[in-house]
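What follows is a single structure, written as structure tokens, with notes after it.
Chain IDs A, B and C follow the sequence of writing; residue 1 opens each chain.
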Amino acid sequence: MSAGVGVDLQDLWIRFGDFVAVRDANVNINGGDFFSFLGPSGCGKTTILRAVSGFLEPSEGNVLIGGKNMKGIGPNKRPTALIFQNLALFPLMKVWENIAFSMEIQGASAKERRKRADELLDMIALSDQGDKLPSELSGGQRQRVAIARALCAEPDVLLLDEPLSALDLKLRQHMRTELREIQQRVGITFIYITHDQGEALTMSDNIAVMKAGVIDQIGTGKEVYNDPTTPFVASFVGENNVFRGKVSEISGTEALIASNRSGMLRARISTANQGKMRPGDDAMVFIRPEAFALAPASADNDHLVKARVTNEEFEGNAFNIFMEGDGGKEIKVAIPNLGQSFESRLGQTIALDYDIRNAVAMPAGEMATE
Amino acid sequence: MRFSFLRLSIWFYMALFFAYLLGPLVIMSVTAFNSPSFPRMTPWECLTFEWFSALFQDERILNGIKNSIIVGFGTVILSVSMGLAGALMLTQIWPKLRATYYTIIIAPILIPGVVLGISTLVFWDRINRLLGLGADSFLSNGLFLTIIGQSTFIASYCMLVLVARLQRYDIGLTEAALDLGATHAQAFRKILLPFMRPAIASAAVLAFLASFENYNTTTFTFGAYPTLTIELAQKVRYGITPAISALAFIIVVLTVLAALANEANIRRKELAAAANATTVATVSGGIRLPRFLSGNPAAIILVLCAVAVITVAGTAATYSPAQCISDIREQKRIETEKRIQELRREREEREQSKPETTEPAIDPSTTPQSNNSGFGGVFAPDALGIGDDGATAPIEQPEESSGFGGVFDPGNLTTAPETPPADTENTSGFGSVFNPETLGGTSD
Amino acid sequence: MPTFLKGFLERNGTGPGLLMLALVLFWVVGLIILPQLSMVDFSFRPNLPPPEIGGPKDVYTLDNYRHLVFGPKGSSADYNYVDLGVFFRTIVAAICITIFNLILCYPIAYYLGQTKGNHIRVLALMLIIPYWINEILRAFALRIIFGQTGVLNTLLVSLGIFDQPYDFIRNDIALYAGLGYAYILLMIFPIYNVIESLDRNQIEAARDMGASWWRIHRRVVIPYAKPGISSGCTMVFMLSAGALAAPQILGGPSSLWFTQIIYQWFNDNGNWPQGAAYAVVLLVSCILLVLTVMRLFKVNMGDIGK
């Protein structure tokens, strides 16, 4: 497999009247990458996808596919294939006709089309379902047919618009693996749109996190999760406890934050914000629930939070412990289930220790509302 | 108690309603088989098929059917394509314009057909003059004007049918096709059009039927090409004959057959769908019916109807009502003679008491009926049994008639004198009696 | 607008887009708007032989309208009582027919809309079949029934209800029955469509709370069905006011329908502008009446045709 065809968005602006759907997006997607746009609904990620597939002309800026500017080229002339959120399988065509539709357009004979469709049906493990109508298939099967139909067009770039959102949880998790496998097999660039950070993290090589038309961060799943650039990314990707306060001291890549309700907290400054924080600035510290460890109540240092246990939730593989710090500050802690119990500690005040590397400090900003 | 009373009254109401709805059609159909030349169900005289042969020998009717079919096809093509374009436009038009646009394209449904006919006529006449074309130009051609005039409002009906389906169309399907390399035209032809096909078919049927039965608009635009409806209206306005009933009967039968066929087809698809889920053999009444019929009442009725039609048509070809008709005629003659005797007696008695005031009180404005006047005969004896004509029937003394006045049945006066009835050969003259109805058909 | 056009052609492709636009423009402008305007224009012109059209005598005049109100020039009467009488009679009769049809059809539409089962389809079929049959033939069927020796008179006389045949045609009963008959479907289907979408639970809930049968309809069903009712009423009113076939076939000899006068101006008297003026009066007054009633009952134009 070749390295595949890359996609570049350069200074991309998309406006609908006065409304700015996409603001100055600059993205380089490497050929053969599984690239995700992650963001809450209405953040403009589908708009970007429609601009890439050619259903929308950008107001400003360029879309380049394989280095070629796509301005003025219609969706039917672009080397992209889009998998729609509702799949958009043609209801009146049989499954195999659906799959081979792009060949029908090119004028291939029925025999050729059938042959190719059967190959793809084999690939998606639906060998004997070709003569059914899409309505006779299950959700997961339809999903795979949509992928096969898109792949049949032999696109350089496959665009997927929240294709798993209609499936139930179990199937969704299964399809994640399957999609990733297909992508690795065909080796073409996948651009994936989702609001589900689990999907983005498990499948993607790179993720762009979007908020209200703006791309906040682009990076691998680990970077986005561990080293968020903005409070929005920190709070949107995965669960996080946020501590607001002011910078009291900067020492190299670490900062000491005087938090409003939880005392002094020492944290690592996220990579993108290093050198941008000054003492006295408003700041936020994000600590993931799983980053906390129980500490003796007597402990006292600058990477410690004290709080009272208010509730315990058993999730199977872990306990979620809900705690209340000073001034009603709510904190969530996740402890792996090793057979222990916290019921007896309800109402007690305990100390929570964390590794400074797992606490991220950054200038205060807007968070995800979810 | 109350519930069942309610239920009963609902059913009673429904029965009345459907009697109002279907009764006239049934009665009209029956009159096509009765021999009197005025379409009537009672009294039943003779079973006859002569009205059908009269119908098929009527050049004007046949020509009207031909014109109707031409206009129908033209209207279907024009109004379905305009309706489809209009419906597609409705889904895309600037939101601010949408309400206005919808009002405009729906308005022709509400504009009286007469107005549409007039405006079409006036407008195209003006265009014709502007272009300096003569009276025989294409633009003043009756077929063209009728198609244009009818399509104006039939397209609105089509648009409504098509929009209903279009609202369920996922525009993503077109986008998917484009994305897979189709051009706009290909996406339209391969995706949208097949999706719309059922609605287009319904719209086309609707358009054809609406065109076929349109009168109000066509009556202003038909020019030299009268459609069937126009011809029918002419006939009905100036004298009605059971031949029209015969035509109505044919249309009713065709309609019912078409409806049943449609119903059977839907049911067959449903059954096929059901059979996909559970393959259970349907046995009806112990006899295994063909697959097409099993569990499909509409199909069964359809087959029965077809058999009945064939049987009737077969009988019609061989059956001759001549004997029956002459029997009836004879019977009536006797009855009438008796009646004449009575009248004569009465009259003599009356003349003895005081001189009669003659009143030529045939209201000239009464929608007139078959021409019986002029002969001093006594007409329509069959009607005498029904109404007491002593009170209503005007007594007239035509010159050629015998000394005694003929008795007119007022009912019979309602047929137009403009159309000379087929039975004018009756000149039997003095005191003779004939039944115009029994003769009407044989004259063909 | 040009951006709209550009987007439109982009969405539909240039070829199909232009074809679509051409068809819609032809329909909207060429078949709907211009002919109506042309008719209005025509109605203000004198009746001239073809060579003089466009000539010096072809000037705008109110004569055609004056004729409707005051009668022909030089007539002794103050007003054109005949034509005005026919006009008002037509409007009033059309209103009565509409109300009659509504009362007749509402229970049927309600029953069809709220009952499930296969027999509903049969009933719907029975409703539709009469409308596949020619308008003229339907009027003809009623003529057979209401004729002097028709089925109804035969029945009534033989039952002894009347002692002599009743002239249904002269007394316009046949006409009203025929007009009512002609547009039943147009009343039933809009109401049926709306009532069918009414959640049965709403009715059950109302019944549960002890609402009477009458109150359920007044408070739940009728407000919900209002768009359908207004749509049906509008169509029935407009069509019966503009009917021509039924009055010609079923109308009594002495009573005319307004459309018949229009027809006479065109076909018998050859005075097109006069006929056009009468047609404009009919159209405008019907539309005004419908709009007034719609305003009164707070219904939108968009509900019509649903």
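The working rule: a residue touches a chain if its C-beta (ideal position, glycine included) is under 8 Å from a C-beta of that chain, and two chains touch if they have at least 3 such contacts.
Computed from a predicted structure; not experimentally measured.
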Pairwise touch network: line, ring, star, complete, or other: line
Chain pair with more C-beta contacts, A-B versus B-C: B-C
Centre-of-Cα separation between chain C and chain A, whole angstrom: 60
Approximate Å spacing (C-alpha centroids) for the pair chain B, chain C: 19
Distance between chain centroids, defined by C-alpha means - chain A, chain B (Å): 67
Where chain B touches two or more other chains at once, by residue number: 183
Complex interface listing, chain A residues touching chain B: 53-55, 74-77, 80-82, 84-86, 88-92, 101-102, 104-106, 149-150, 153
List of chain B residues in touch with chain C within their complex: 6, 10, 13-14, 17-18, 20-25, 27-28, 31, 38-42, 81-82, 85-86, 88-89, 92, 94, 99, 101-116, 118-124, 126, 129, 148, 151-152, 155-156, 160, 183-185, 187-188, 209, 212-216, 219-220, 228-229, 232-233, 236-237, 240, 244-245, 247-248, 251-252, 255-256, 258-259, 263, 363, 365-367, 380, 383, 386-388, 391-392, 409-414
Complex interface listing, chain C residues touching chain B: 4, 8, 11-17, 19-21, 23-24, 26-28, 31-36, 38-39, 42, 50, 53-54, 104, 107-108, 111, 121, 123, 125-130, 132-145, 147-151, 153-154, 157-158, 163-165, 169-170, 181, 184, 213, 234-235, 238-239, 241-245, 248-249, 253-254, 259, 262-263, 266-267, 272, 275-276, 279-280, 282-283, 286-287, 290, 301-302, 304-305
Chain A-facing residues of chain B, complex: 170, 172-173, 175-183, 186, 190-191, 194-195
